[in-house]
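Here is the structure we will look at, set down as structure tokens.
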Amino acid sequence: MLLIPAMIMFCCGVYGFITRRNMIAILISLELMLNAVDINFAVFNRYLWPDAMEGMFFTLFAIAIAAAETALAIAIIINLYRSARNIDVRDLNKLKY
Amino acid sequence: MESVGSIILYIVVALAMVVFSVLAVTTRKILRAATYLLFTLFAAACVYFMLDYEFLGAVQIAVYAGGIVVLFVFSILLTTRPGHNSERLTSKSRVLGSVAALAMLLISGYALVSRCALYAAKPLADTPTMQQVGKAMMSTSEGGYLLPFEAVSVLLLACIIGGVVIARRR
Amino acid sequence: MDATLPILILAIPLGMFFVLGLAGVKMSHRLAGILGCLGMGTTLVLAYTTAFTYFFSGSPEFVDAAGNRLQALIFDQTWLAFTDKLVIRIGFLLDPISAMMLVVITTISFMVHLYSMGYMRDHHGVWERGFQRFYAFLSLFSFSMLGLVVATNIFQMYIFWELVGASSYLLIGFYFIKPSAVSASKKAFIVTRFADLGFLIGILILSFYTGTFNFTELTSAPVEGLAGVFSVSETTAESVRSIFRSSAAPVFLGGSVLTWALVLIFMGGMGKSALLPLHIWLPDAMEGPTPVSALIHAATMVVAGVYLVARLFPLYLMEVTALEIVTWVGAITALYAAIVACTQIDIKRVLAFSTISQIAFMVVSLGVARPEVHEGLGYMASMFHLFTHAMFKALLFLGAGALIHAIGSNDYTAMHGLRKYMPVTHWTFLIGCLAIAGIIPFSGFFSKDEILSSCLGNSTLVYIWMSAVAGLTAFYMFRLYYLIFWWKEHKVHEGHHAPHDQPWTMTLPLVILAAVSCVAGFIPFGNFVTWNGAPYDFMAHFDWSVAAVSLCVALAAIGLATVMYRKENPLPEKFRAAMPALWTWAHHRFYWDELYMFITHRIIFNGICRPIAWFDRHIIDGTMDAFATVTNKASQAIKPLQSGQVQLYVWWYLLGALALGGITMLCLL
Amino acid sequence: MFSNILIWFVVIPLLMLAGLALCRDIKQIRAVAVAGSTALVALSVKLLVDYLALRAAGATAPMLFTDSWVWFAPLHINLAVGVDGISVAMILLSSIIVFAGSFASWTIPQPKAFFLWLILLSTGVFGFFISIDLFTMFMFYEVALIPMYLLIGVWGSGRKEYSAMKLTLMLMGGSAFLMLGLIGIYYHSAPAGQPLTWNILEIVRNGAISHDWQCFLFPMTFVGFGVLGAMFPFHTWSPDGHASAPTAVSMLHAGVLMKLGGYGCFRVAIYLMPQAANELAWIFLILTGISVVYGAFSACVQTDLKYINAYSSVSHCGLVLFAILMLNTTAMTGAIMQMLSHGLMTALFFALIGMIYGRTHTRDITKMGGLMRIMPYLSVCYVIAGMASLGLPGLSGFVAEMTIFVGSFQHADMFHRVFTIVACCSIVITAVYILRVVGKLLFGPVQDPHHLELTDATWWERFSTVTLIVCVAAIGCFPNFFNNLIRFTFSPDIFAVIGMN
């Protein structure tokens, strides 16, 4: 039951990730997807194996890592913005080739 | 579904989650997106509470809503010129994106509907207490999470250092 | 015979080449000249000694009991062993023709060395630039030519043949600042090189079937009546004979293998001896200093082709077809060159064409020689003519050199009426002209007469043809003579001193050669040189009717030349107007040069080389580059996949995931 | 290990590398380069003397000074060394050219790095010639190829990056074939059940490569080495590569590296797989026959001195492969002689071209002329090199070409003889392009008045050229010595397989 909104949330994340150009927006979409997955873990844990704690722990660690990742990503974004005055992914291809 | 209250709660939470996440990816103002994200995150925390994972819910609110969103807001403020809207999305990419997302939704939704007992009642079980959580976190025996815990702590350390190094002005 | 002398004959010029070539720059001009002359003089003495020992010592090594002359291998060192049997040796073969050639080469070479001391400096005594180099090249040439004539095997001959060609190249291009000299030297080398290709292939074919390079084995046996005369074991002789009997069977384009081999070898000779159609280099070769023309392009190198055929004569006798080709190539060349010589303006060109014509005489003479005709008189006549021609043609060239040196131009129009100014040159030149025209008692008469006799013995057509050429010879030579020394008085321009005779270094060779040309005819040549070594008394077979006819023809031609050219008169113009086409064609040497230019430049250069180079750069290289380009393009094409645009990655990922999901679902359904 | 003389051919260059690393200025670098290359020349002369002494004493083994040290036992890889007459000749050639080359690059910029790579290259070359283990042979082969890229790419001229890339890629492409071939040989090197080996001598002794496999592996290895031997149509790296390479590199490349190709074709492709060689020779004969004539014709219209020489190398190296494929003693001897001759002669050519280019700063023959007046020494050397190239007796080209022609013409088959005649035609075309260059470049009036101020050769340039000329003349004047040195090698067993002499 709870999986349905999580699923929709995930799809929103996908949509946002694909269509948005702003790096922060992309990051936000990413967080949406992560959250959707986290919810899934928790739900599966609770509904299927209520005695175990793996799902919960997975979510827990995922949250921790997501925090780290976001912090780092934002650091990079700010840095990029400093040097390029822009955080549009289409324009940031100087490092490509 | 055991009680009307919980059904109502479910509907409210699910609606909030769906609506806000849709808004978060469709709004053109990035700051609003962050705000919608915040609400979505709160909704997710609610889900955890509904599942009786209070600790998880608390962590979700503390880390995500408290930490990450604040980070987002700061970075948005740092990188966006005031009054600047996010770029207009081309209809092509919008269509493509929504097609992809809908296709995804269809497939996973189909899988979900056809496979899972959607209306299964929440099984009765003990909520893990903080003590259990703490012990599991620190134990090295089977079902213990000391290694990932340490790994995450190292990761966080690395992340702090990395953040400092990257963000430092040259 | 002891090998010391022969080795020295080869070693002294070679050593002189190295001394003058390496240390020449440090020497004074005079020292270099004297050294060169001394070296050549010593060689001359040694060569004369050797030749005299061969002809007159009567040692059993050289003459057998019956008085037949033998071939003697003085030494024969292995130089390069291809297989057990095919071995290149460097050796010294002494037989009548090589002994005679030793005399001819050293004589002319010495004369030219001496003459160049005077010629290679201007009127103020300033030496020509690169004088030492000139002497070094002369020494190199002498060495190569001597090595060629004493070759014991056909490959040694080929080696020296190439060396001769190279030294000729260097000497023609002596004035390397002049583009005409450079292109002339290039032309000479390439044309002869082309001919040598034939020579080489001929050698390959010959050696493949006979398994030997050695002249003694190649030439000893094939003809009946010859074996045993030259010192070769009967078994080798027999083996060569049987090889040709059996393998003369394979026929290629209508000729037996032997015919092809011999014709190809003769092609080498055609190149060196400037026979039609490979004659085009010789007139241009006159760009070299005149002494060089006298030495190389009149007396010695150009007769190498004749010498080659003479050397392999017994083999040629096996294939009469080859000999007939030789005859007709010679006959056509002789007539062609004689006609062209009548219209040339440059005196050296006239002499060059006359040389071509005279060499063709020798070739014809070899071609018509048969054992059954006057006991092979043609062979002896050919060698005799080679000898006399070397002397009088060198004389004429050196005389021409003296004129050019005095006037500073090759054109007879700049000369006219020089007889008073340069008496010595005048008289010696006249003797040369009389000799070449075949007037008794000068040497040319005797040799030419023998040639005509042997022609008559073989075929009347050839006889008439060659007599006509002999008449033409007399005509153009006297035309030249009169135009240089008579025609009209020489005008001396103000400020120029009058032309005069030369220093003794130049006149002495002229006088000596003139003297030789007067008396050489009386040498009983048949005693020395015959095709099989048996002495032949020419005077006993002397055919007075032939002699009388040729004399009459020559006198008539001279008379005509006298009428036309002794005094300035309009007769030549009338003749010219009477047959304009012939005159123009002859004047332009029947457009051979243009034809060759067309073939080499248009067809070979533009038609083969350029397309090949283009093909290489664009097709072959293009293919290789295309590989690279395709690789590059392919990677360019797939590069966007690795664009770094995470969203694109997600796209791809999503597509994959969707596909996978779809497939899984389909499977599960 | 160091008691074997051969190993020193690899050790000395390595010591030179170490020495170079310690050098501080150009004088020390020169000292190391000259001392090392002199030591190599001395060593190769000693090797020659020792070799001849052993042969004179009656040693009849196909290879002398053989030795083997285990390197990687599970795959039977050894460092196996040994030489026969051909290798000795090739080693001699290489050391002389390295010697002359180090004099020719007396004033190169960035000398330390340059000599470093150059010496690494020569390590590979020497290693290749002394190895009789296919694996180490291949390894040294690659060691010799790779430095070429940097040497051309960094010190070259013109379109150097393009040329370096092209050369390296094409040769690497060849190596790919080659490696396939070598691995194939390895897996068929011994009869079933016996340990496999990379050692050439053992492979020959085992004779276990089946006929079908031979027919597959022979083209692989022949093409693999043939690319380096500039075989048509895989020769196009040569003009561009040579044109861009610096002097010493051109010398070493044309003089020695291209010989690796010919040597490898003989040593691996034909020596190990004679039956296939006999059957498939005709294909490659056509290709090499084309290369002989085609290279010569192409050279006729080039205007860049180095292109002319590169095409002439295509022609001459084509002749090497052509003769090797004739599969008889005389022609093969000729092929090796041609390798020696062409190595020295082309090295001389490239040295001279480098020296002329260093003065006039152009290699276009239409822009130069009358150099004989200006730099007589270099011009005379150029004429000598040209004469050697067009096969003047007394210089090396003649001997080699004649041995090839005579040898090839002894072939019993009409097809081979006809092709020999075709190849013979190259001597005329060679004369044409050589004389064309000599006439335009050296003779005639001076084209560019600026050239009048140029100087003639310096002492190191003289030294370099004289060394090469003396060697060219030595082969040309005393061919039988080299002939005998080489000839003994063609052990009857490889011809026995084919059924020829």
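Per-chain numbering from 1; labels A, B, C and D assigned in written order.
FYI, a residue touches a chain if its C-beta (ideal position, glycine included) is under 8 Å from a C-beta of that chain, and two chains touch if they have at least 3 such contacts.
Everything quoted here is computed from the prediction, not taken from an experiment.
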item	value
Partner chains shared by subunit A and subunit B (touch criterion as defined above)	C
Relative to subunit D, chain with the most remote C-alpha centre	B
Rounded Å distance between subunit B and subunit C, as computed from the means of their C-alpha atoms	102
Centroid spacing, where centroids are CA-atom means, of subunit A and subunit C in whole angstrom	95
Centre-to-centre distance between subunit D and subunit C (centres being mean Cα positions), rounded to whole Å	37
Chain centre separation (subunit B, subunit D; CA means) in Å	70
Residues of subunit A touching at least two other chains	14, 18
Junction residues of subunit D - those touching two or more other chains	none
Residue list for subunit B, restricted to those that touch at least two other chains	100, 104, 108
Pairs of chains satisfying the touch condition	A-B, A-C, B-C, C-D
Subunit C contact footprint on subunit D (complex, rising order)	165-166, 169-170, 232-233, 235-237, 239-240, 294, 297-298, 300-302, 329-330, 370, 372-373, 387, 390-394, 398-399, 402-403, 405-407, 409-410, 417, 420-421, 424-425, 427-428, 431-432, 435-436, 439, 442-445, 479-480, 483-484, 501
Parts of subunit C lying in touch with subunit B, wherever the complex brings them together	651, 654, 657-658, 661-662, 665
Residue ranges of subunit C touching subunit A (in the complex, touch as defined)	639, 643-647, 650-651, 654
Sites on subunit B touched by subunit A in the complex	1, 10, 13-14, 17-18, 21-22, 24-25, 30, 33-34, 37, 40-41, 43-44, 47-48, 50-53, 55-56, 59-60, 63-64, 67-68, 71-72, 74-76, 78-79, 86-87, 89, 93-94, 96-98, 100-102, 104-105, 108-109, 112, 116, 118-120, 122-125, 128, 132-133, 136-137, 143, 145, 148-149, 152, 155-156, 159-160, 162-163, 166-167, 169
Touch list for subunit A against partner subunit C, complex	14, 17-18, 26, 89-90, 93, 95-97
